[in-house]
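Would you mind keeping the following structure in view while I ask a few things?
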Amino acid sequence: MDFDSDFDERPLRQSDELTLNLDGWEGPLDLLLNLARSQKVDLTQISILALVEQYLAYLAGARALKLEIAADYLVMAAWLAYLKSCLLLPRDPEADPSPEEIALRLQMRLLRLDAMREAGARLLGRDRIGRDVFLRGSPEGLRQTRKAHWQVRDFDLFAAYGAVKARTAPAMHVVHPRAVMTLDEAIERVSRMIGSALDWTRLESFLPASQDPQYRRSALASSFVAILELARQGRVDLAQEQPFGQLLLRSAA
Amino acid sequence: MRDEFTRSVEATLFASAEPLTPEQIAEHVGEGDVAGALAGLAQTYAGRGIEIVERGGRWHFQTAPDLAHLLRRTREETRRLSRAATETLAIIAYHEPVSRAEIEAIRGVQISKGTLDVLMDAGWVRPAGRREGPGRPLLYATTQDFLGHFGLGSRRDLPGIDDLKAAGLLDPLDESVMESLGQLQLESEAEED
Amino acid sequence: MRDEFTRSVEATLFASAEPLTPEQIAEHVGEGDVAGALAGLAQTYAGRGIEIVERGGRWHFQTAPDLAHLLRRTREETRRLSRAATETLAIIAYHEPVSRAEIEAIRGVQISKGTLDVLMDAGWVRPAGRREGPGRPLLYATTQDFLGHFGLGSRRDLPGIDDLKAAGLLDPLDESVMESLGQLQLESEAEED
């Protein structure tokens, strides 16, 4: 793997303490990676112990200058110091993951970041449109016009006209003449006929004979109201033996 | 055509947003026989899909004029006529020539500008002069294409009102039911207020 | 090259303001072996001042890269991408689709709001759905324009991608790695708030 790219490596100036500054790093990992690269070996060959030493020394230097050190740098320092002690102390067979494994993971992280850094640099260095290669200055352009192909069935057309006509036709209300018996007629007819009937007589026998069912219904309704009116006036007596039973009437005594 | 100078002239002309004079080209590609390179390119491109042309001393690339039709593509899509447009078309067919105001009076609803445009776009309706009278309104009538589309020999082949009635197309039942329902709703809404 | 179909493909591609897929070309030139015509054209133009290239399945004409020095109009380069944006773009391109937390884990720092915006504004990065799982994180991926701008035929052409893959450097991030370092940092940042 080629990690020796021409990536603009941040120069390390540990010797020049006056420029020691944490502002330039994008976090502890960035600082670690740059320290690792200062070991001048393939990143796969770096010494994690030496790297930890470098990091701690760097922070110590910054502290000596009374620079503000962001918390995440200190957390990393604490974690690295812990890692260092684990690496140096006699191995604890119970430790999981082992210090070596943790160190390997840290190394993988550095490799990963370094790889992405290099990839970014190589991407930017490619032949880029507008910088290295150019598109046609004034393309005619492709145009797409949409032409609607209108569809309507003849039935829809005629139905639409029918709907318009139906909707807008002047509304006409015609009441057909109907055969009815008025209430006055019924009162007159019942009081005339009751005069001679002293026995209980069914209401139906007061209705005129007619083939027209509408007229019969009208006569029944009117006659019913008529006998109620006559009963109110005390001119007839009404009787009904049970609900919905025969309505009987006779002349009031 | 592998000659470096000609390649440079070609690329410069291609990337330029405007036609270039040989002098302008030279500013990019440096000393050399720009005119000769242009002539060579013109020959290389002759008969291809792209050509290199000179207009008033300026050179540019363009697509071959005989292929211009490819660049403008029309896509046909089938679309159903809206209800408003269908009704308007029917009214024009039965009453032509008819003005917009008359169409609206018959429909009982206003029509939008787009509705008549759609019918004219479809080729079924045409302007048919103006009616002499107040406002000289523009009149509309149907076209031959209209008759063709609906398989009608002439306007006399349109079903008459009696035919429509016989077919139940004048049955106001649905409409009145809809209306009375609508009315009920309006009333109940009014009561709620 | 006098073949009419190839001429049509050439003209269509030349006239287009956008890279075109073979299918889009076919919509203009009709039935035919578009892929074959494109391959033939690519050969015809090889070594000339302009070339025909495929980027992510879409084709376009462009000037030959070695002539860049003639055509670079101004010294001032297009706005330089920041280091953070460059790294973020590389991480997305090599790992896509990838969540913001994963980008942050690789870089070891939080991404500032503007970084992804810049990349999306440039048209190189797009949101690419969410990962099913805890928190359903939004994922990011690169676009067709990304491939086009950086002259990549496809993601397989990303520089060194095979080596990186072989070295395990593009594997999904180990949970424990995220925890061992990422967590520590995220916790400390949370404390700062």
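Letters A, B and C mark the chains as written, and numbering starts fresh at 1 in each.
Methods note: a contact is a pair of C-beta atoms (placed from the backbone, for glycine too) under 8 Å apart; a residue touches a chain by one contact, two chains touch by 3 or more.
None of the values given here were measured: they were computed from a predicted structure.
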### Query
What chain lies closest to the overall centre, CA atoms only?
A
### Query
Looking at C-alpha means, what's the farthest chain from chain A?
B
### Task
Return the distance between the CA-based centres of chain A and chain B, expressed in whole Å.
36
### Summary
In whole angstrom, the CA-centroid distance of chain B from chain C equals 38
### Message
From the mean C-alpha coordinate of chain A to that of chain C, what's the distance rounded to whole Å?
### Response
32
### Query
What are the residues of chain B that contact at least two other chains?
11, 14-15, 61, 63, 71, 73
## Note on the structure
Residue numbers in chain A touching two or more further chains are 134-136, 140-142
#### Entry: Residue ranges of chain B in contact with chain A within the complex
11, 14-18, 60-63, 71-81, 83, 85-87, 89-91, 93-94, 106-108, 118, 121-122, 124, 150-152, 158-159, 161, 164, 167, 169-172, 175
### Task
Using the touch rule from the top, collect the residues of chain A that touch chain B in their complex.
134-138, 140-152, 154, 156-169
### Task
Flag every residue of chain B that touches chain C in the complex, lowest number first.
1-2, 6-12, 14-15, 28-29, 47-50, 61, 63-64, 67, 70-71, 73
#### Entry: Residues of chain A touching chain C in the complex
1-2, 26-30, 71-72, 74-76, 79, 97, 102, 105-106, 108-109, 111-113, 115-124, 126-136, 139-142
